[in-house]
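Paired with chain B in one complex and with chain C in the other, chain A is shared by the two complexes that follow.
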Partner chain A sequence: MTRAAFGALLSHWWRNPLQLFTLLAGLALATGLWSGVQAINAEARASYDAAASTLDEGRYDRLVARDGGAFAQDNYIALRRAGWQVSPMVTGDLNGVRLIGLDALTAPSGMGPVSLGGGTDLGAFLTGSAQVFANAATAARLDGVEVLIADDLANDTAVADIGTAQALLGREGLIDSLLVMPDQPVGLPALGEVAPDLTMQAAQGGTDIAGLTDSFHLNLTAFGLLSFAVGIFIVHGAIGLAFEQRRGMVRTLRALGVPLNRLIGLMLAELLVFALVAGVIGVALGYVIAALLLPDVAATLRGLYGADVSGNLQLRPVWWLSGLGIAFAGTLIAGGSALWGISKMPLLAAAQPRALAMAAGRRARWQLVVALVLLALAAVLVFTADGLVAGFAMLGALLIGAAFALPPVLNAVLAFASARAKGVTAQWFWADTRQQLPGLSLALMALMLAIAANVGVSTMVSSFRLTFTGFLDQRLASELYVSTDSAEQTAALISYAETEGVAVLPIQSADVQIAGHPAEVFGTRDHATYRDNWQFLQSSAGAWDATFAGQAVVINEQLARRAGLALGDPVTFGSVTLPVAGIYGDYGNPVGQVVLVEDVFATEFPHVVARQFGLRISGDVGDFVNDLTAATGIGAGQTIDQAGIKAVSLAIFERTFTVTTALNILTLAVAGFAILMSLLTLAAMRVPQLAPAWAMGMTRAALGRLELLRAVMLAVLTAVLALPLGLALAWVLLAVVNVAAFGWQLPMYLFPLDYARLGGFALVAAVLAAGWPAWRLARTPPGDLLKVFANER
Partner chain B sequence: MNAKAFVLCLLPVTATAQGFAGLGTDVDGFSTPAPNPVFDFPADHGPHPDYRIEWWYLTANLEDADGTPYGLQWTLFRSALAPYDVEGWQSPQLWMGHAAVTTETDHFVAERLARGGIGQAGVVADPFNAWIDDWALEGDWQMMQMRASGTDFAYQMDLTANGPLVFHGDGGYSVKSAAGQASYYYSQPFFDISGTLQLPTGDVEVTGSAWLDREWSSQPLAENQTGWDWFSLSFDDGDKLMGFRLQQDDGMNYTSATWITADGDATPYPDGALQVEPLGLNAADVPVRWRLTLPDRGVDVTVQAINDDAWMATSVPYWEGPVTFEGTHQGRGYLEMTGYE
Partner chain C sequence: MCYFNGMTLLTVDNLSKTYATADGPFAVLRGVSMTLEAGESLALTGESGSGKSTLLHLIGGLDRPDAGSILLQGQDIARLDDAGRAALRRGTVGVVFQQFNLIPSLKIADNIAFQARLAGRHDADWCAVLADRMGLTDHLRKYPEQLSGGQQQRVAIARTLAPRPALVLADEPTGNLDEGTAATVMDMMLELVAETGAGLLMVTHSQALAGRLQRRLHLRAGQVA
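Entry: the complex of A and B
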C-alpha cells in the first residue's frame, strides 16, 4: 500500500514536470547562491588565515639594512651578543615559490604555521637536509628538496630552516631582516652602536586586516542568506501549488485507507529526496559560481587589505555540508505549512482549484497582520538592538514583514487604480490583475526580496568602497613615508625637503589613557593635507582651524563611542583639556585616537621625537628617493612609497564590482525564473477567465500585450516598493549589524544610478519571464478558448 | 603546534620523552660515561659534543648590606641532536640559557635559546668562556666574571675561587640509578661572589658564595626516573653537602650524596645513606620544606625555601631557589626540583 501510495503521489510530478523543474531548480539555485557565497567566504578565510600565520612577520618591528638589501649574518650575531632579542629571516624565490627561512629557536612563539606531524625528523630539519614545508599545491612545484606537507601554509610559500634556505637560495651568510621581539632585556645598547648599517621598521599591525575582512565577509554572508531567502520563496510557491493540486489525490488515498500519518510521512520523504537532489545540484552550482567569482574576490581582498588569498578553490566539507543543510532546512520551511495544511484537512474536503485563490484571499488578511507585527518588531529592534543576533533578527523581521506586506499593499494599489479606471478594458485589466495577484504574489515577493537585496548590497558595497577609498586617501595622503634613525638624519631630511619645496609632516604619537581607555595622541602639523583628505563623520564648523590653533582636538569614532564623547565634549589627557571639534572614521583600528596640533603635543610630550615623516611629493617618488639617498644617506629601506601602494589597492578594489554585479544578476535571474514559473502555472488556470474577454471581441494579440503589460506593471510596482526596503536593509547592515560586529559604523551613501540600473535589470527579468507566457497566450488556439463555454470544468 | 614549540618538544630536554626532560631516553650514537674517568683540564671545562646533554650550572646565595638574602642562578645547557659538531647552521648542537634572581618576595626568570655553530652561543675551554647572547661566564676558574639579563632584571658578578674542584661519585663518575645510568659530575663549590643585581626596585650591591656544577652525559636517568630533588648545602662551619634524590615512577627513590669538608676533601655516599623527606608543599604542590638526614655525619636538618614561588616558567619548567636550614647544623644553600609540573 505504501508503495502504491508513494507511486500515486509521485505521479503528480510526472504529469507536471514543469512544477517539478521549478521546485528543483528553485531549490538548487537558492542553495547554489548560498553555498557559492559560503565557498568564497570559507576559501578566502582559510586562505588568509594561512597567509596571516605565515606572514606574521608583519606583527613585529624589524631591522633591515639601510639600503634595503641583504646584510651579513655577523650583524645578527653581534646584536644577539649585545642582548638584542632578534630573529633572522631570509626570503627568496625558489622555482617561483617564496621560500622563507627562519630560525625556529629564536623566532617569536606562534610564528611559522608549520604543524608538524609526529614522525618528523627535527634533526634533519635543523641540520641542513634540505627539508622545506609547503602545502600540497605548492609542493608539486618544488624539485630537488624534501617537501613536508603543511596544509596551513599559504600558497606559493615554503618555509625552511634559515640554514637550509640560505643554501637553497645560494645566499649563505646573508640575512634579509631581523624580527625584533616585543620583550627586550634591560640595559640594551642602542642599535647604532651595535649594527650601524641596520634600521628599524615599525610593525605594520595586523588588527586592521582582521577587522576589515571580517566586515566584508559578514556582509557577503548576509548577502548569501538573502539570496537563499529569495530561493525559498520560489520553493515555497512550487510546493504550495503542488500540495494544493494534490488535495484531491490525498482525499482519494485517504478514502482508500492510507493512514494520514503515513501519507504525511511519504510526502515528507518525497520532499527530502527533492532536497537532497536539489542540494547536491545546488552545491555543485555554488562551486561553479565560487570558482568564477573567487579570483576577483581574492584580488579584491589582496589589494584592499594585503590579505593573501589564494585564487584556487578547494572543495571544503564545511560548505558542502552547510549547502546541503540549508537545502534541507529550506525545503522543510517551505513545505512545512503545506504539510500542516494536509494534516488538518478534513477527510472529505472538496478539492477546488479555486481554493488556492479563495484561501489566499483569507490568508491575505492574516499575512497583513503578521507583516505589521514583524515590521513593528523591526522598528522596535532599531532602537533596542544590541549585538549581532539582534541585528540579524531585525534584518529577518524587516525582510519577512515587508515580503508579507507586499500582496496587501499591491492589492490596495490595484484596488485604487481599478476604482479610477476609465473604460471597460481598463477596468477589466485592473480587476483581472487583482484576480491574478494571489497566484503571483509569491513570485512577486521573491522579486521584491531580490531587488531589495540587490539595492541593499549594492549600497553596502559601494558605501564600503567609497568609505575606504576615502579612508585610504586620508591615511595614505602623503606620497612617501620616511623613517629616520637619528636627529642628524631628521635634520638632513628636513633641510633637503625644504630645498626641494616638499612638505614634511611629522608623525609622532604618545600612548595615553582617556576616560579609562587606552588611546594614542598624535601631534600634527598644520597642512592642507588634513583639511583636504580627512573626512569627518561629524564635525563642528572650522574643526581643523580650531585644532591647528590649539583650541580643539579631533578624535576617531572608536574613542567617541567608547568614551561616550560627542562634539564639544572636553577630552583630557595629562595636563591638556580640549573640546572635540570633529570625529573621523578610523576603520579597523581597535585603539582610540586623538589628533592635536604639534605645538601642544610637544609641550605635553617633550620626550617624544618624531622619527617618521610623511612627504608630499608632486613628482616621481622613485626619483625623489634616489635623490634623497644621494643627498642625505637615508636609504631606500627607510622609505615606503605609499602612493604606489595606494594606486594598486584602488585599482584592484574596483574589481569588487565585478563580484557585486555578478551576484546581482544571479539573484535577479532567480527571481525572474520565479515569475516565469508562476505565470506558466497560472496560464492554464487563466484560460476560463480570458475566454469571455476574447468572446467579447478582444483579439488574442491584445490579450497577450495586456499580459505582458501586467507583468511589467507589477514588476515596476514591486521594484518601487523594493527600493525603500533595500535602503532600509543597507542601513541595517551598515549601521546596526556592522556596529554590533565591529564597533564602527560605515557611513551610508546613495547611488541612484545603480538603483535605476537594478530597476532596469528587474524589468528585463520580468519582461523575459512574462514574454513567453504572453506569447503562448497570444497563440492559444481559438478552439481552447471556445471549449471554456462548451465544457464544465 | 608551531615550529618553535615543536623544536622544543624534540629537544632532548623536555618532559615529553622518557624520564624527566627526556633524560632517560636511549642513546643512539652518543658516547656514554664510563667508570674511573681521567679528566683533562682545561679541556674538560669545555663542551663534549659527543654526549647528548651537558650543563654549566651556577647557583649563589647572596645578601645585601642589610643582610637581606637573595638567590641567583646562571645556567647554560647544551643539548645535541647528533653526536658531532660543525660550523654553521647545520650544527646539531642546541643551547639553552636560564638565569634567575630570587628575592624573598619575587622571582625573576629569563630564558635564551640558540643554535650552535653560528657563534650565538657556545663554550670555549681555554681561555674559558661560556656564553649565550649577552650572557656570559668567563675567566680562568680562579677569577671569573658572569652576567645575564632579562626583561625585568640583570646582574653582573665577579667570582673568586678559594678551594679546589670537587669530584662527585667515584672520582667524577656519578651513578644515577640502580640500573647504572651515570654522568660525569664535578663542582667548584668554593666561589666567593660579589656584584650588582639590577632589579625593578633599583640596583643592589650583593656578596655571597656560589657553587658551579659541571655535568655531562647521554642518558643520565633511568627510564623509570621522573625527576629529581637536588640540594647543595653550605654549613656555617665551612663544610658542604651535595645530595640528590631521583624519583622513580614506582614510588621508590635513588639517593646520592657528597660530603665536602672546608678543605675540599670529598666523601661520596651511596644510595640510601642520605635520606630526604618532603615536609610541606607550596600553593602549587611543590615541596618547599624538607628533612634531610645523613646519619653517618650526624646531619638532621630541616630545609626551608627563602621564597616558596621560585618556579622557573621556562620551556622545561622546574623549581630552583635559595634555601636556609637548621637542626643539627645551620646554613644556607640551593634547592632544585624537577618533575613537578
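Entry: the complex of A and C
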C-alpha cells in the first residue's frame, strides 16, 4: 500500500515538472538568500573577532621615535631600569604577512599568543625559542619558517617572540614601539630624561571601532532576519500551492482506502526530501552569493573600521547547518499548516465547497486578528522597548503583523474599486482580481516584505552614511593632529603655526563625574571649525556663541541620555555649573562628553596642559609636516594626517553600498520569482475562470493583457503599502534597535528618489514575473477553453 | 473471496445521520434498515436530497453514522476507527463515483491496478482481463485527461473491480455520460460485477436502469418508502 500511495503522490511531480521546479526553486532561493547573508555576516564577524582578539594594540598608549621610525633596544632597557612598565614591539612585512614581534613576559595579558587556545606551546614561546604563530592560510605563505597553527589569529598576521621576529625581519636590536601599561608606578623619571628620542602617542580608543563594526553587523543581522521572513513566505507559498494542486488526489487516495495518518506521513517524508535537496542547492547558492559579495564586504569592514577581514570565504559548518536548518524549519512551518489543512479536509467531495469556503473565511478572520494583535504589540513596544530583544521583537511583530494585514487591506481596496467600477469589463476585472487574491496573497506578502526590507535597509544605510560622513567632518575637521611632549615644543608649534597663518586648536580634557556618570570635559578654543562642522541633534539658538562666551556648554548624546539632560538643564562638575546649549551626535563613543570654552576650562582644571592640537591647514599636509619638523624639531611620529584618513574612510565606506544594493536587488528578484511561481501555478486553475469570459466574447489577447495589468496593479498596491512599512522598519532599526544596542540614535533621513527607483524595480519584477504566465494564457488553445465546458458537471 | 449467493452480505439497521447546518441540525437519514445478499444487486432510488448518497457513503465507510449499525460480512463497520474504515475501503468495498476520481498523474494501466495494489492483491492477469473487457486495451499508456468521460468511467469501474471487492457501491456512475455511452458502460459493469459475484448497491435516477437490477429500494426524506 505504502509504495503504491507514495508512487501516486510522486507521479504528480513527474507529470507537472514545472510545479516541482518552482517548489524546489522557491525553497532553494529562500535558503540561498538567508545563508548568503548569514555567510557574509558570520565570515565578517569571525574575521573581525580574530583580528580584535589577536592584538588590540590601539588600546594602549605607546612610545614611538620622534621621527616615526625604529629605535634601538637600549631605550627599552633604559626605561625598564628607570621603572617604566613598557613592552617592546616590532612589526614588519614578511612575504606580504604582517609579522608582529612581542615580548610575552612584559606584554599586557590577553595580547597575542598568550591568549591563544590549546596546542600553543607557551613554554617555548616564553623562553623565546623560535616560534611563529599564524592561522593555516597565512602559514602556507610563510615557507621556510617553522609556523605553529593558531586558527584564531587574523588573516595575513603572524605573531612571534620579539627576538624571533627581529631575526626574521633582519632588524636585530630594533624596536618599533613600546606599549605603555595603564598602571605606572608613581614617581617615575620623565620620559625626556630617560629616552629623549621617544615620544608618547595616545591610545586610539579601540572602542570606537568595535562600536561601529558591531553596528554594521547588527544591520546585517537585521537584514538576515528580513530575508528569512521573505524566505518563509516564499516557501509557504510554494508549499501551499503544491498541496492545493493535489487536493483532489489526496481525497481520491483516501476514498480508495489510504489511511489519513499514512498519507500525512508520506507527504511529510516527501517534503523533507524536498527540503534536503532544495536546502543543499540553496546553501550552495548562498555560498556563491556570499563569495561574489564578500570581497566588497571585506574591503568595507577593513577600510571603514580597520577590522581585518579576510576576503576568502570559508565553508563554515555552522552556516551550512543553519542554511539547511532554515530549509527544514521553513518547510516544516509551511508544510505543517498545509498538512493540518489536509488532515482537517473532509473526505467527502459533497461537503467540500462549503467547508472550503468556510475554512477560508475562518482563516482570513484569524489572520486579521493575528495581524491586529501583532501590530498592537508593535505599537506598545514603541513606547516600552528598551533592550535589544524587545527591539527585535518589535521588528518581528511589525513585519509579520503587516504581512498578515496585507490580504484584508488589498481585499478592501479591491472591493472599493469593484463597487465603483463602470462597464462590464471593469466590473469583471475587479471581481476576478478579488477572487485571485487568496492564491496570490503569500507571494504578495513576500513582495511587500522584500520592498519594505529594501526601503528600510537602504534608508538605514544611507542615513548611516550621511551621519557618518558628517561625523567624520566633525571629528576629523582639522587636517593635521600634532602631539607635543614639552612646553617648549608647544610654544614652538604655536609660534610656527602663527607665522604660517595656521589655526591651532588645543585638545585638552579632564575626567569628571556628572550626575554619577564618568565623563570627559574638553576645553575648546573659539573657532569656526566647530560652528561649521559640528552637527547638533538638538540645540538652542546661538549655542556656540553662548558656549564660547563661557555661559553654556554643549554635551554629547550619550551623556544627555545617561544623565537625563535636556536643553537648558544645568550641568555641574567641580565648581562649574552651566546650562546645556546643544546636544551633538557622538557615534561609537561609550563615554559622555562636555565641551567647554578654554578659559573656563583653564580656571577649573589649572593642572591640565594641552599636548595635542588640531591644525587647520589649507595646503599640502605632507609639505607642512616637513617644514614643521625643520622649523621646530617636531617629528612625523608626532603627527597624524587626518585628512588622509578621512579620504580613505569615505571612499571605502561607499562600498557598503555595493553590498547592500546587491542584497536588495537579490531580495527583490527572489520576491519577483515568488510572484512568477504563484502565477504559473495558478495559471492552470485560471483557465476554467477565464473560459466564460472568453466564451462571452473577450479575445484571448485581451484576457492576457488584463492578467498582466492585474499583476502589475497588485504589485503597485503592494509597493505603496510597503513604503510606510519600510520607513517604520528603518525607524525601528535606527531609533530603537541601535539605541538599545549602542546607546546612540542614528538620525533618520529620507531618500524619496531611492524609493521611487525601488518602486520601479518592484514594477519591473512584477512585469517580468507576470509577463510569461499572461503570454501563455493569451495563447491557451481554444480547445482547452472548450474543455472547461465539456467537462463541466 | 467468493461468497455464495444467498448469504447475507450487508445488514443495515435503524441507521441515522444528521448534519449540522447554519439553520440547525438537519436529519438526512432517519432510521434506515435494509439487507443485501451476496451476489445480489439493489437499485437505490429517491428524489434529489432524499439521502441516497449519504447512505452509500456510510456503507462505504466514507462517513460515520450517528446511530444504528452496518453489518458487513458480520462486522459492524459503524464502530470502526479511521484506520479500520480505510482498510475496509481498500479491500472489501469498492465505490464508483459519479466524477470518476481517477489519479490524473498515473497512466491508465496504473490507475486500473492502483486499488488492487493498495489492497496488496494485485493480479496482473486479472487487470488485463478487466482492461480488455472494458475496451481499454488501446489506452493503457495514456493519461486520464486524454480519455473521454465514458472511457474514464470504465477505468474507474475496472479499478474498483481489480481487488475483487465483496461489495460494489455505485453513485449514479453514468450520471455524467450521454445516454448511449451510459448504456454501454452500464452493460459492461453489470456483467462484470455479476461475474465476480460481488454484491452491488447502485444509486440511480433512471427507472429503466433500476429495472435491470434484482431489487429496488426507494428512499423518501431519509426513510425507506
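Methods note: the second predicted complex is superposed on the first by the 746 of 793 C-alpha atoms of A that agree within 3 Å, B and C clash if a C-alpha of one lies under 4 Å from a C-alpha of the other, contacts with A are read in each partner's own complex, and residues count from 1 in each chain.
Operating definition for what follows: contacts are C-beta pairs under 8 Å (C-beta built on N, C-alpha and C of every residue); 3 or more make two chains touch, one makes a residue touch a chain.
These figures come from a predicted structure and were not determined experimentally.
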Exercise for review: Using the superposition on chain A described above, determine whether A:Trp14 touches chain B (first), chain C (second), both, or neither.
Suggested key: second
Exercise for review: Figure out whether A:Ala104 sits in contact with chain B (first) or chain C (second), or with both, or with neither.
Suggested key: first
Check your understanding: By residue count, is chain A touched more by chain B or by chain C?
Key -> B
Review point. Which partner does A:Arg80 reach: the first (chain B), the second (chain C), both, or neither?
Key: first
Exercise for review: Name the contact category of A:Leu377: first (chain B only), second (chain C only), both, or neither.
Suggested key: neither
Exercise for review: Mind working out whether A:Met249 is in touch with chain B, chain C, both or neither, as first, second, both or neither?
Suggested key: second
Exercise for review: Kindly classify A:Val258 by the partners it touches after superposition: chain B alone (first), chain C alone (second), both, or neither?
Suggested key: second
Study note, to complete from the structure: Counting only contacts in the complex, chain C reaches chain A at residues 53, 57, 62-63, 82-83, 86-91, 95, 97-99, 101-106, 110, 114-115, 117-120, 143, 149, 176
Check your understanding: Which positions of chain A touch chain B when the two form their complex?
Key -> 73, 76-77, 80-83, 85, 102-116, 120, 122-123, 126-128, 159, 161-164, 166, 183-187
Exercise for review: Provide the residue numbers of chain A that touch chain C in the complex, in ascending order.
Suggested key: 1, 3-5, 7-8, 11-12, 14-16, 248-249, 251-261, 347-350, 791, 793
Review point. Considering the complex alone, what residue numbers of chain B touch chain A?
Key: 1-7, 10, 81-82, 88-92, 94, 110, 113-115, 118-120, 131, 133-134, 149-154, 198
